[in-house]
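Please find the structures below.
In what comes next, chain A is part of two complexes: it sits with chain B in the first one and with chain C in the second one.
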Partner chain A sequence: MDKWILKYFTLIRVMIALIIGVAVTILMIYLISEYPGESLKYFFTGPLVSKGRLFNILEMAAPMIFCGVAIALSFQADQFNLGAEGSFIIAAAVGTAFAVSTNMPAFIHIPLVLLVAGATGAAWSLIPGILKAKWKASELVSSLMMNYVALYLSLFLINSYFRDLDAGFLVSLRLPETALFTQFLPGTRMHFGIILAVIAALAAYYFLYHTTSGYEFRQTGYNKQFARFGGINIIKVIIMSQVLLGFVAGVGGVSEVMGIHGRFLWQGFPNYGWDGIIVAIIGRSHPILIIFSSLLLAYLRVGGQVLNLMGDVPAELVNVIQSLIILLITAEAFLGQWKYRITRRQAEKEEAAK
Partner chain B sequence: MSELFSSIFSVNFGFAILRVMTPLLFPAIGIAISTMAGSQNIAMEGSMLIAAFFGVIVGALTGSLALALIAGIAAGVLLCMILGYFHLKLKADIFLSAVALNMFASGITIFLLFMITGDKGSTSSLKSPIFPNFHIPLIEKIPIIGGIISGHNVLTYVALLSVPLFFILMFKTPLGLRIRAVGQNPDAAESVGIDVNRTKMYALMISGVFAALGGLYLSMGYVSWFSRDMTAGRGFIAIAAATLGGMMPVGLLLSSLFFAFVSAVAIYIASLNIPSELIQLIPYLTTVIALAVFSGRATRKKKEKAAAEMAQKKLEQQGQQ
Partner chain C sequence: MKDNILEMKDIFKVYPEGVIANRNVSMDVQENSIHALVGENGAGKSTLMKVLFGITPFQGGSIVYKGKEVSFSNPREAIAAGIGMVHQHLMLAPDLSVAENLILGMEPKKGKLFFDGDTAIKICREASEKFGLAVPPEKKIKDLPIGVRQRVEILKALARNAEILILDEPTAVLTPQETEVLFKTLDGLKKNGKTIIFITHKLSEVTRVADRITVMRDAKAITTRGMEGLDEDKIASLMVGRDISTKRITPPKNIGAAKLSVRNLRYTDEDGVEALKGVNLDIRAGEILGIAGVEGNGQSELAEIIAGLIEPDSGTITLDGKSLLHCTPRQVRELGIAHIPEDRMKNGVAEATTIEENLIVDRYYKKEYNTRGKLHWNFITEKSKELIAQFNILTKNSKTNVGFLSGGNIQKVVVARELSSNPEVIIASQPTRGVDIGSEELIHNLLKAARDEGKGVFLISADLDEVLKLSNRVVVFYNGQITAHFEDASTVRDVDLGPYMLGLKKEEAASGQMDS
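Up next, the complex of A and B:
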């Protein structure tokens, strides 16, 4: 038992954090709601009882998976880059611009738009990467600044050159049919981008855990000094992690446009970059786990919406809960005493067995 | 174009710059202090927001400006103390905890806003006191300058006075010395008997005070109500301002003025129907460039220093032989 606990300690810690989060949710609903039983039902089973809401969870999870995987790639190399947001939006804008101004058959158009967007995101993210690798400039600050530059540049591009003047509000022109993902389930907004998000997560998993470069990423993240002495080119790893982050986030950005909205419609940050950080933390930067943490977060968000709509508790409850969960997960020393005791007991047992 | 210039070189415009600067300068000072302590506090956004909220609520409930001020500062500082607790005691990554606390602040303020007023948008239904405007005697009478400098909200003057205060605190007091020591070399600081964690906690708390003042200005000076997410990224913009200002007093003032100038120009330009997006991105781009230049220079200096030390060592070795 002790051995098992030690082996899966991180996972158990995440689980306990989630359980505490759920317990606090229940407590808060009980304290606030006039009819707590009903409200709890809305929140927890609400997202699951209707087909529409189930699909809502899936489509909401897609951009979270993209951004979460993107951020995990940089977290794994111990880079704290907030640039997923910037790459997401600039790639969506450039991708939209490209899709609107070109005309070709769908089987070339779609991959080409994805590629252009991914390359844009990657190039964007390269800038903080170079600043960090070459001059040790804090990637946190530079990527945050680049997010704002990306936002305003995107708005300039879309509002000045690709605005749909007939739409009545500030949105881009509609993408041509050849650049849209088909929504493959009638009556829902299920689109290819959701599958693409899962593919991205699987690819990132394969890259991180089954290739040499991925090993170099993790080694750099685990211990920079050791990695350097082991002959790993840290500069290459830093730059590569940023480029991959930008690429994945960029594809995620344009795939929201191609799958859900059909046009670029943001006038401010869509905040998927922050969501990506949340799911990357809950998923412990593991691409496969991020699929699940994204589904969990999307489930909570939809639950919050249902509660907001049908019950008497505001949806922002979810924001409070998610931040509590993240605080507990990131606190390395949370349950540290417990781990220490088990480790000690285990060591004593092994000592006695000898 | 001439229309643009005449509006930029007007008294109103100068006045607007100081107005817009206030909620940037406060958190920029807070960030500088925490950065000097080696624990950059990026929870300024949340700290400002929560202070803005509790200031208005307590102000509306009690009608007392003093209590509102105390409540706002207490809320802002408390958030930073939670950050400190998780970072210093529970060994959480400070950036990740700060990200979480920013979300927490955004969520809890909207949540409580709804519970208290039944409205999720703003507290416009509540009547809360605001910080008064202040006309400086004598200066008020000077043409142009008087119009720009006088008549601002009290907190704008507090912000301006915070710049020398920040200098005195960090460079003329024992606490400031300790904070800088902890930031530059925690091991060395510890070896001379400084409690590193406690000093960092103090720095985070002080940064919380400044964030809270920025937030209070927003909801009880700039406007007279709280609205959801009203800080609108100012806590993050302040990171840029603090970086661009090199974490030094005059630098912080100038960079905050620069950011305020650009956003004021952007507002004017947008009113003339010229796309303002390209103007708005200038300060951020400048910050990235400045960051690159500063870091590049610092790296070069470090290398030169290392090379000089190597040469020195070689000389000494040769001397011994």
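Up next, the complex of A and C:
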């Protein structure tokens, strides 16, 4: 038992953090709501009872998976890049611009739009990468600043050149049919982008754990000096990790446009980049786990929406749970004493067995 | 019979990673004596003293000091109670003067606000006279040799009214001559009524100064007793539980031509300090060239330059005639240099990952290990298991995290990787630092075997016994220069090296170059 706990300690810690988060949620609903029983039901089972809401979770999870995987790629190489948000939005804008100004058959148009968007995101993310590699500028600060530049540049591009004057809102022109993902399940907004997100996660997993480049990423992430000492080109890794981050986030951005909205309709940060950080942290930067942490976060969000709609508790409640869970997961010392006691007991037992 | 000033009973200590460092250890220390605490690296000596000094908490047992049970939760409490500790790595502020370091934390004030420099110097002078420890109060620490710095640390503890002075491997950084001065100091302090606990693993020092001794092995105290009837051999067998050979290894039979040649190598570090001032040396096939010298005299920089980790200002390095300058670490390795780094946790391993991943860092990109970028994990596991068996790395699984291994086994992972790359020249920097005697012997034998296979071995070690045991040729480093070259190391004694290590003597135009 002790051995088992030690082996899966990080996973158990995440689980306990989740349980505490949920417990606090229940407590808060009891404190806030006039009829807590109903509210709890809305929150926890609400997302699961209708087909529409169930697929809402999947739709919502897709951009989270894209951004979470993107960020995990940089986390694994020990780069704390916050630029997923910027790459996401600027790739969506440039991808939209490209899609509405070109005309070709769908089987070329779709991959080309994805590629253009991915390349845009990658190029955008390359800037903090180069700044870091060349001048040791903190990627955290530069990528964060670049997010604002990306946002306003995107808005300028869409609002000035690709605005749909007939729409009555500040949105872009609608993408031509040839550049849209078909929504393949009637009655839902399920689209190919969701499948693409899962493929991206699987590909990232394969890349990180089964290729030489992924090995270089992880060793650099574990210990830069060791990686350099062993002959790994860590400058290349730093730059490549940021480029991949931008590419994946960029594809995620445009596939939101291609799958859900059909046009670029943001006027502020969509915040998927931040969600990406959250799911990457909960998923311990492991691409497969990130699929699940994204689904979990999307489930909580949908639950919050249902609660907001049907009950008397505001949806912001979800933010509280979310923050609490992250706090508990990132606080290294959380459950540290417990682990220490088990480690000690285990050491004494092995001692006695000698 | 003197009274016991300190009794530690059944101290039990487990580190958070699960390593048991003290297993019900007991020791008692008599007042006004010099007490040696000996044991191999990793036997738990330093941990026991950290427990006493309040640096680390313990889980079981009790400490009785001056008849009262105590438990210090931090060093400040221990110092207040009259216990002082001088760490192996001296904890002084290099940019402050001796006097300023001495009064750190108990600064004399002018008025309420201002630091009183003159009084500080006065306090320093008085303490210096009272305890007979000569130090220059106004000099900056960074301008002083290590022996004097250590004296400042000792004085610092004494100025805080220490009754018990703990010295953690004080001689590790000293030359034989400086060691002798230290021992005279300790004798003087004993006459002054102080009690000294002295951690070491050098047995000659124990027989020289200690009144009583505690021997530790495997986290246990084997014995605490007076020195009567003990000689070095007896202590050694108590320490390791068996006989060990400290004899020099047989000299090499077939020495070939120079493999690695370093000429006029100069290097200035980031702080503008000239770390290497024109170094010349050769390493020949089939020999072990030892570098003796107090740490920080340019040896580390030399190793890192050869390995391609830092760029020199000028000079040349060639391996079999090919230049190593401007090569990346990978290119240097491909040309046939292996490097056991001096700090294994910093450069040698990534502790949060598996043994396998640590073993392949210099070769994962090679043909056998991947096909078009896809790693062959089965093959890697198989190879890793071979290395684990061949180098006697104690682990159940090749997928265990390196961080879970003991120091000696971590070092074996490093050595296994570096020696299995089939190098031409091996740079071994502090290859046995902090490892147990069993691993030390294994590593020594492996280096000897590599030498006998015709490889050139470049041994950098702060441990003179190690240098003299393995090397057939020795050069001494001082202040970025070579100060002596002993072509035949078989008759050299450690005291012969001391004056050169301190820069007191220097051979005219000394170099490690061989005429061919």
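Heads up, the rule we're going with is that the second predicted complex is superposed on the first by the 354 of 354 C-alpha atoms of A that agree within 3 Å, B and C clash if a C-alpha of one lies under 4 Å from a C-alpha of the other, contacts with A are read in each partner's own complex, and residues count from 1 in each chain.
FYI, contacts are C-beta pairs under 8 Å (C-beta built on N, C-alpha and C of every residue); 3 or more make two chains touch, one makes a residue touch a chain.
Keep in mind that what you see is a predicted model, and the values were worked out from it rather than measured.
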item	value
Most chain A residues touched (candidates chain B, chain C)	B
Which of chain B and chain C A:347 touches, first, second, both or neither	second
Chain B versus chain C as contact partner of A:155, first or second or both or neither	first
Partner chain(s) touched by A:219 [first = chain B, second = chain C, both, neither]	second
Doubly contacted chain A residues - partners chain C and chain B	336
Footprint of chain A on chain B - complex, ascending	40, 42, 86, 89-93, 95-97, 99-101, 103-104, 106-108, 110-111, 114-115, 120, 233, 236-237, 239-240, 243, 275, 277-278, 280-281, 284-285, 287-288, 291-292, 294-296, 298-299
Residue ranges of chain A touching chain C (in the complex, touch as defined)	210-213, 215, 218-219, 222-223, 225-233, 336, 339-340, 343-344, 346-348, 351
Contacting residues of chain A [partner chain B, same complex]	32, 80, 127, 131, 134-138, 140-142, 144-146, 148-149, 151-153, 155-156, 159-160, 274, 277-278, 281, 314, 316-320, 322-324, 326-327, 330-334, 336
Contacting residues of chain C [partner chain A, same complex]	14, 16-20, 23, 59, 307, 309, 328-330, 333, 339, 341, 346-353, 357, 360-362, 364-365, 369-370, 373-375, 377
